[in-house]
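In the two complexes that follow, subunit A is the common piece, with subunit B as its partner first and subunit C second.
Right after this comes the complex of A and B.
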């Protein structure tokens, strides 16, 4: 029974990780580099929601919507200002630069928010106990949102012009450009989308956890784990890997101390990189 | 503000971290390896030093090993431990390139950090090992802090000289050849894999020794001292000083440590303003980092100097 409880929590963790990783993976596919600062965008959104909700007294739905839009625009702004001018220097320099960006965003959040723990003004979670397994309404919401986001993202990428353009660019930018796709507009759309997804994940973080300013950056470790397992690119594999990492971390608590959760996530990373560097989905982009 | 105290601290910490930056410079600028887990090798050195000098566990101690050996042996052990750790982590990871290598080394560092946090039998878990042994407390008329600053500076200068000698030898030219054109170097009969591994191992030795010295200086080996932030700070120092020059790496580290020390010792009126200053320090560091990566001023100066010579 306890095992099933851990499994359920694992699914919830996995769904959160899916939300947090999809945007990261999308950036990696289209822009071609690992944006370490993605995790700090979760923080931007989480603390914007907190400020609007708990300090300004906005309703949580309104506050989170505003926070997501703000995060989305922040992401695009950072990309235009910092990443675009050094694009031709290659993924390694972009990766290193993004750690600098993470420093700056993290510092700004620290300066504005300060230390201490923060919670949203949304009331305590209601818990249900079907078949003796405890799950809260907030946890169910994370699962539902992960499903909705995955499905609508799949539809977006397969059915709309912009979505198809994004996929074309992730496959082969030069070819996409020569076929008449506006590379700059598509790139901007991708930044808005991936940062917006980071924003959504940030709201979920604020709903599920008590916020501290170092919490968002701690998520990058798990996000990286999921992204690598998924093969640094494929979107469908992100869903599977998110669940695998989430469940592996929470179920491991059944046997080993809870402090080892990040260790479990990273053992997954190391094993994958050593034995199957191309990730679950292989070299073929989904 | 006690500027003399700041100066001594900057020399000590700047030299200790300067050793790490120099080693990273060797790995990245010469070997072409992105090591995003450099802090782990530093931590291994610090913990090895602490474990070898600590007395056997007693009372509330949760650690299992404490050898109580003299400090010179422990310092050698620190360097050896880092070398061994590099051998263990380098063997599987060095097959990977670029960002994949960056991620694996990052992952190894995180696993190691998490291990130190949770495995109380190694170093008391989160509490860490306190009262790490310092050599002797009585240095006659010279104050202990100057001895430390001198020792750290010596270690850094030794590292610098050895690396410079190495890089100016035929071996160093072979390294540059591999970095610039791997296929050509391979065709000329250089084993790329083996040389990359050698550089990785060689550069771990001074990092371990610096870690041991750091544990000696802070008298503490605690997981919270060895977070990913240290890795980023070292990277920032390296980039600030210009990737291609050994002196730049040292200058970058000293500059950054000086900046941090000034912010840390500045007499702030309230706790809140000290907090804000610490965050602003992060922001400024990050901005400098981004700007230097983008405009590469030091690389340009170095090129110009080379051109006029």
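Right after this comes the complex of A and C.
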């Protein structure tokens, strides 16, 4: 039973990692670089939710919605202001720049929020024990959102004109442009979507965790681990790798000290890459 | 006290991602390719040096002391308390006419709890501002500054750096007006052993400053025959600590000893209570702030939560006098901070030298001797002018530096009652003698 409890916790951790990584991978797939500042967008959303909910008195659902929209627009704004002008310099320069953007966003959050801890004005989690396995309503919410986001994103990318354009761009930008796809509009839609997904992950971070200005960026290594395991491209593989990393980390506590959880995450990544260097998705993203 | 060093993650993440780009080059057809000459070589761009502090240069009749504290980050609230108490002390010193080197001038810098920033700011304070002493660094910053302090012959002193690393490194130019973390462990162990628990679980943040005292507490608890159900060392910065709590909750201990920071601590408390834990808690100093009640929910910890921290002896006349003069005397580490700057000023007055070397040479004698007992700078200055040696009795208690430049400490246990921390036990330094 104890093992099943660890497994359940691992699934929840994996679902959070899916939410935190899926937007990151979308950016990587379409824009062609690793946006390190993605983790700070979680912070933008988390603290916007906190401010609207705990300081302004908004209901948490309303505050979360507004925060996600704000984060989405912030992500697009940063892309247009910072990344678009240097796009032709290539992914390495964009990557380094995104690290600088992470510093700037983190610094602004530091300046605006200040010191100490922040929590949302929401009740204590309610625990349920189906079949003797303990799970809280907030954990169930993370799982439900991960499922909804995954299904919705799959439908969006396969059934809508914008989604198909995003897929085409991620496959071959030059070919997509030559076939009449509006690259600029598609790029902006991607930024709105990926930043909005970061916003959703940030909301869940605020719901689950105790916020400090350092906390959002502390998630970047696990986000990178999941993205690497997925193959840095496929969105479906992100779902699988998020679950693998989350379950591996939490179930490992059954046998080894909890302080080694991050080590387990990266050990899994290294092991997989040894046998499958291109990641779970293979060379061709799904 | 914990030290937060998260900024390295940004650079580490960038390096990691860069290596991935290099590794995956050619494998991924989706990647927008660049000409080879545009790839970076994987090295960090050179960091720009911060400009010198913008304070005015010292006048001829001034002596400079650096105040190096975390004003941002998780420990920012503690840094502000320390900086304010130092400024109060400087006000008293200057009101008494200043030292024989002139009035005290402070230069304040924020470390954010980061050692690298601390070294940069300390170097600036010494080389550009001519600081003779640097007061207020947290544990990690203190350890990082040891070599600099000894090389530049500048005294560094902390009111809250309990790290046991300084038990080995401190003593010459490196001092603290707070006891070692091992003392916290002894006090925590004493409290846990006295409560009649049959079982206790330990949840310890993965930091040297929490693990070492927790090991001391574990020894005391085990020595009392109490069953330790779990000794879990966890990493901070997680959205949730459910995995770490799984076995702890399954074993249903009578109490949990939680040695963690505010970020992890609050989440752990909420998740444990939501998971059905209804026993008692003992927290460490980082959670000894009123903000905890708002963050956790006072109703969850009222009557069942206790916190242990190094504290001044409130019955001492020196503390009572300090409390009458300074409104924020009861803030954590405020008396220790006041003592720090007063000691340095008295050492400047006593040494006849206006540099760190002079302070270092006499500070132990100023803090503890057979001379005239004083508790303020004005009293000490008058006694020194009369040709007496002095023995400074601090607001935080007697200040007798051991070989490592550390003082013995007293500890307070407070209980959560009606949304605030209330004293329920006090362990004077003599409790732990021998």
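Here is the rule we use: the second predicted complex is superposed on the first by the 281 of 286 C-alpha atoms of A that agree within 3 Å, B and C clash if a C-alpha of one lies under 4 Å from a C-alpha of the other, contacts with A are read in each partner's own complex, and residues count from 1 in each chain.
Heads up, the rule we're going with is that a contact is a pair of C-beta atoms (placed from the backbone, for glycine too) under 8 Å apart; a residue touches a chain by one contact, two chains touch by 3 or more.
As the structure is a computational prediction, the values presented were derived from the model and not from experiment.
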item	value
Overlay on subunit A: subunit C relative to subunit B, clash or fit	clash
Touched partner set for A:86, first subunit B, second subunit C, both or neither	first
Contacts of A:205 with subunit B and subunit C, given as first, second, both or neither	second
Which of subunit B and subunit C A:104 touches, first, second, both or neither	first
Touched partner set for A:43, first subunit B, second subunit C, both or neither	neither
More subunit A residues in contact [subunit B versus subunit C]	C
Partner chain in contact with A:171 - subunit B first, subunit C second, else both or neither	second
Which of subunit B and subunit C A:196 touches, first, second, both or neither	neither
Which superposed partner A:13 touches (first subunit B, second subunit C, both, neither)	second
Partner chain in contact with A:249 - subunit B first, subunit C second, else both or neither	second
Touching partner for A:5 - first (subunit B), second (subunit C), both, neither	second
Clashing subunit B stretch [against subunit C; choices 27-35, 45-53 or 189-197]	27-35
Doubly contacted subunit A residues - partners subunit C and subunit B	33-34, 91-93, 95-96, 99, 102-103, 106, 110, 114-115, 221, 224, 228, 257, 259, 262, 277
Touching residues (chain side subunit B, partner subunit A) in the complex	34, 92-93, 96, 98-100, 102-104, 106-108, 110-111, 114-115, 117-118, 232, 235-236, 239, 272, 275-276, 278-283, 285-287, 289-290, 293-294
Subunit A-touching residues of subunit C, taken from the complex the two chains share	4, 6, 9-14, 16-18, 20-21, 23-24, 27-35, 38-40, 45, 71-77, 79-80, 206, 232-240, 242-244, 246-247, 249-250, 262-267, 270-271, 273-276, 291, 294-295, 297, 300
In the complex, subunit A residues that touch subunit C	2, 5-6, 9-10, 12-13, 16, 29, 31-34, 36, 89-93, 95-96, 99, 102-103, 106, 110, 114-119, 124-127, 134, 136, 139, 170-173, 204-205, 208-215, 217-221, 224, 228, 231-233, 249-250, 253, 257-259, 261-262, 277-278, 283-285
In the complex with subunit B, residue positions of subunit A that touch it	33-34, 82, 85-86, 91-93, 95-97, 99-104, 106-108, 110-111, 114-115, 221, 224-225, 228, 257, 259-260, 262-263, 266-267, 269-270, 273-274, 277
